[in-house]
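Two complexes, one shared chain (subunit A), two partners (subunit B, subunit C).
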Partner chain A sequence: MSGYLSGVLAILGINIIFAYSIYITAATGQLNLGGAGFQAIGAYACALLSNELGLPIYLTLVFSAILGGAISFLIAFPVLRTKGVYMVLATFAIAEIVAGIILNTDYLGGPTGMIVNAYIETEVVLVVAVIIVILGFYIMSTRIGLAMRAVHDDEAVADLMGVDKRAIQVGAFTIGGAIAGLSGGLYALYFGFIEAQYFNANISIFVLLYVLIGGTQTAWGPLVGASFFTLIPEALRIGDDWRFFIFGVIIVIMMIFRPEGIVTRDALERVWRQLFSGKRNV
Partner chain B sequence: MSDPILRLEDISKSFGGVRVLEKVSFDVERGSRHALIGPNGAGKTTLFNVISGIHDPEQGKVLLEGKDLKGIPSRKRIKKGLSRSFQNIRLMPHLSVLENVMLGQHSRFQFLDMVKPLNFSAKSTGKAEAIETLNSFGIDLYEGQTVSSLPYGIRKKIEVVRALMSEPQLLLLDEPAAGLNTAETNTLRDLLKEVSNRGITLLLVDHDMPFVNSLCEQVSVMNFGQLIYDGPISDLKKDEKVLEAYLGMDEKTERSNA
Partner chain C sequence: MLFEQVLQQIINGLMLGSIYISVAVAFTLAIGILNFLNFTIPALYMLAGMVGWSLSQYGVPFGLSGPVNWAFALFIGIICAILASLLVERFTYRYFKMKHGDATEHAIPLVSSLGFLLIFEYIILIAHGSDTRGFSTAFSNLDWRIGGFIISIPQLLSLVFSILIVAGLSVLLKRSKVGRALRAIAENPDAATIMGIDVDRIVPIVFILIGFLCGISAAIFAINYHEVSPYMGDHVGTKAIAAMVIGGLGSVWGAIAGGLIVGLSETLSIYFFGASSAQITVWGLLLLLLVFRPTGLFGHNAIGKGKF
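Our next item is the complex of A and B:
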């Protein structure tokens, strides 16, 4: 595997994991624009545990997920009181607060960043990505997944059906935070260097775009969206000048023709019917 | 004879300065088919919302099986045997027919069954049962489709089936026949009679009087937030208050049409 290819695959793996963190929340109808904040928490947790305590790699990754999840859980209660655009702003603010804290803490390297001593290969990232994708599909294939989608569609009716919407939303936000933390840990270990400036608003916006353009209706969405957004810019490197222009045009066209995302349930259903031309219980 | 499954005692509710419900009291007998009628704005849907816990009444009590529902959140009332449908169809637009129906079973499952994949353990997750129920109501054709593409009559029917999936004791139906054509209304009536034969009590709001007449034995009439009649449907047309407030106009037109 060439260095370039393995680099692209590692970024792809991290982006896919990151996308599932936002997807799990988005599947319940909550938009999280603070992805970078949770990713930063995971990255710094992983770096510190590895540098200061010399913990083995898999343990540092587990802790970055736990810390990401724990912090998400704590802030889920105030944040989930807000809805729609207000929730987007609240989560955005949280990411800014995290970046602000890191920038102003000398122990964390402040604006100069931090070198991570431990190192992982691309394969590790890919294996974790596969596990997270399977986890995403698994959650959505259960009754919990059904309840999440119900809360997304109509909170009031889901509530009357006996769905504990608060538990579902807090749970999804927490799992999302944990997965974002994990993706941050992988980032830190793969690149060996982290700085607060990397975990900026652009990253949060991009990961939310992966999910929204991929589609929030099925677990395929984040996989397709993250792959699309990671690979298309690489493929467009040939005409470097026009790269971002073409990319922007593609996004606009997508939003016009597939406002619900690339992968929708109806589209999947149609494909399935054509392939097997039979009834299917979904 | 009196064995009410639902008892409403002096329910009052206002929105801002508007008194929507004024000391409404009546009983719904176990196993009965009870209609709640009244002109638009009489407070019927608000009363449904109070019963299902969406609104808290300012005064009065809702007693289900003799127990006061005060303080029990709307989410937990379905476990007490209360289920409902909505005036405007409120099916989940991005869920398939089958998934919508399975959502109706939600309150019957423990956490452990909720984390099993539906496709691999159809029995213990209730999926098999949901498919069977859909088949028994003759809607198996549509189970893979999302509901937004389906005809109105079918969606109404699916909403009733969804409400049944929680195995309720009392089913609240908010205008189930609204917007249906004659054939669809007849199908719905047969469906509701079958539901009633299973021992489920029906309390329904509807404006379609022939439909209500052919289905219900008991009727409560509301006008401007107050209860003006409560009794057998056969005596409804003898009641002067009702004739004046609501049915009088209808009956005259019906007679002139005949």
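Our next item is the complex of A and C:
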């Protein structure tokens, strides 16, 4: 595998994992615009554990997921009191506060960043990405996934039908935080250097866009969205500025013609029917 | 001595807040009337400043004219912000009304405006690169010293000016026919249509106001701080969102109070705890407020709940 290709695949893997973290929350109808904050928590936890305590890589990754999950579990209770646009702003505020705390803590390197001693290969990132994708599909296929879908479609009715709305939302937020922490840990180990400025508002915005453009109705959404927006610019080989310009144009056009994302439940059903029924029926 | 220094910081904070006021009012209008968290606002702000700078530096593109006078250049910059805002209305807000039977429907204009944010920001980055540019205006250094305090006259004027604009806007919303139509749309767009309000013609007015407020605020910033950059919108945009939430979503006077509070807490926390602590103070304040008093100081209970 050439260096370029393995670099692209590693970024793809990290982006897909990160996208699933936001997707799990979005699947219950909540938008998390603070993904970068949870990713930063995971990245710094991983870096500290491997630099200071010398823990093996797999253990540091597990701990960064646990820490991401634990912090988002604690944050979930106040944050989930807010709704709609307030929730978007609250999660956004959390990411800003996390970045601010890191910038102000000398122990974490402050604005100069931090070098991570341990290192992982691209293959590790890809294996973890495959596990997370399978986990995402599995969660959505269980009764919990059905409950999440119900809360997403109509909170009040789901509540009336006996779905424990609050437990589902807190649970989804916690799992999302854990997966985001994991993606941060992988980022720290793969690139070997982390700084607070990387985990900025743009990162949170991009990952939310991957998920919403991919579609929140099925577990295919984040996979398709993250792959689409990571691979297409690489395939076109365009400069960084033009890449984000075209990204913006695609988003505006997509929202006009296909506001529910690339992959929707209807589209999937149609594809399945075409593939397996033998004859065409509409 | 300490007391005087703190007082000077309070003055500086109020001046900084005057920049946030207009942008916060732009956010609050979009939320209050259209129920739309408009993320293009930072980009419109940046667009006005950068277009103004580029005109005063190089003149009209393709060699059509020489460098333009700074005031006229900023005026054209404001016009550009208004036109860009109308473009956003055409491609973002109008499709908002297409109903799709899904709970993510509320995210459509939000996501689309994020797309426009990227488009505007990267057009400028492609054209002018990412450097901070000096912007020289007629007011170079007009400080007014009274009793040991330094008050910059352009800053004082801009504080008064932005409060006057917002006050005028508030009167416009209360008294004029357009204002009444806008408040009706804010309450219920369908009922407003039934009562004979042409929503498609009234809504662009909100976007014109948004573009105007962003442009004015950027012009004030360029005159006071003598610099513009492609990232100037990000800093002001996030602080203005905080100001809007602190004041209460949809409240024009709340946005003024919020802008001043954010400016004050920013300069004071920089003074007492160092440069990068402002981020924690402002956003921590915002988070506490969101959790314990989500309506803000002057907010209305019904706005922004359940839908965007």
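Heads up, the rule we're going with is that the second predicted complex is superposed on the first by the 269 of 282 C-alpha atoms of A that agree within 3 Å, B and C clash if a C-alpha of one lies under 4 Å from a C-alpha of the other, contacts with A are read in each partner's own complex, and residues count from 1 in each chain.
Keep in mind that, in the parts below, a residue touches a chain if its C-beta (ideal position, glycine included) is under 8 Å from a C-beta of that chain, and two chains touch if they have at least 3 such contacts.
Predicted model, so just to flag it, every value in this text is computed and none were measured.
In the superposition on chain A, contact is made by A:Ile94 with subunit C only, not with subunit B.
Once chain A of one complex is fitted onto chain A of the other, the partner contacts of A:Gln217 extend to both subunit B and subunit C. By the touch criterion stated above, A:Ala10 is placed in contact with neither subunit B nor subunit C. More residues of subunit A lie in touch with C than with the remaining chain of the pair subunit B and subunit C. In the superposition on chain A, A:Arg81 makes contact with subunit C only, not with subunit B.
Of the two partner chains placed around the shared chain by superposition, subunit B is the only one that A:Asp159 touches, whereas subunit C remains out of contact. In the superposition on chain A, A:Asp266 contacts subunit B only, with no contact to subunit C. Once chain A of one complex is fitted onto chain A of the other, the partner contacts of A:Arg143 are limited to subunit B, with no touch recorded for subunit C. According to the touch criterion, the shared surface of subunit A, contacted by subunit B in one complex and subunit C in the other, consists of residues 152-154, 217.
Residues 31, 37, 91-92, 95, 98, 100, 102-112, 114-119, 121-123, 125-126, 234, 238, 241-242, 245, 249, 274, 276-277, 279-280, 283-284, 286-287, 290-291, 294, 304-308 of subunit C are the ones that touch subunit A when the two sit in their complex. For subunit A in complex with subunit B, the touching residues are 138, 141-144, 146-147, 149-150, 152-154, 156-165, 217, 265-266, 269, 279-282.
Subunit A contributes residues 26, 29, 31, 78-79, 81-86, 88-90, 92-94, 96-97, 99-101, 103-104, 110-111, 152-154, 201, 205, 209, 212-213, 216-217, 241-242, 244-245, 247-252, 255-256, 259-261 to its touches with subunit C in the complex. Chain contact summary for the complex, subunit B toward subunit A: residues 52, 54, 74-79, 84, 86, 90, 92-96, 98-99, 102-104, 106-107, 109, 113-119, 125-127, 131, 143-146, 149, 162, 166.
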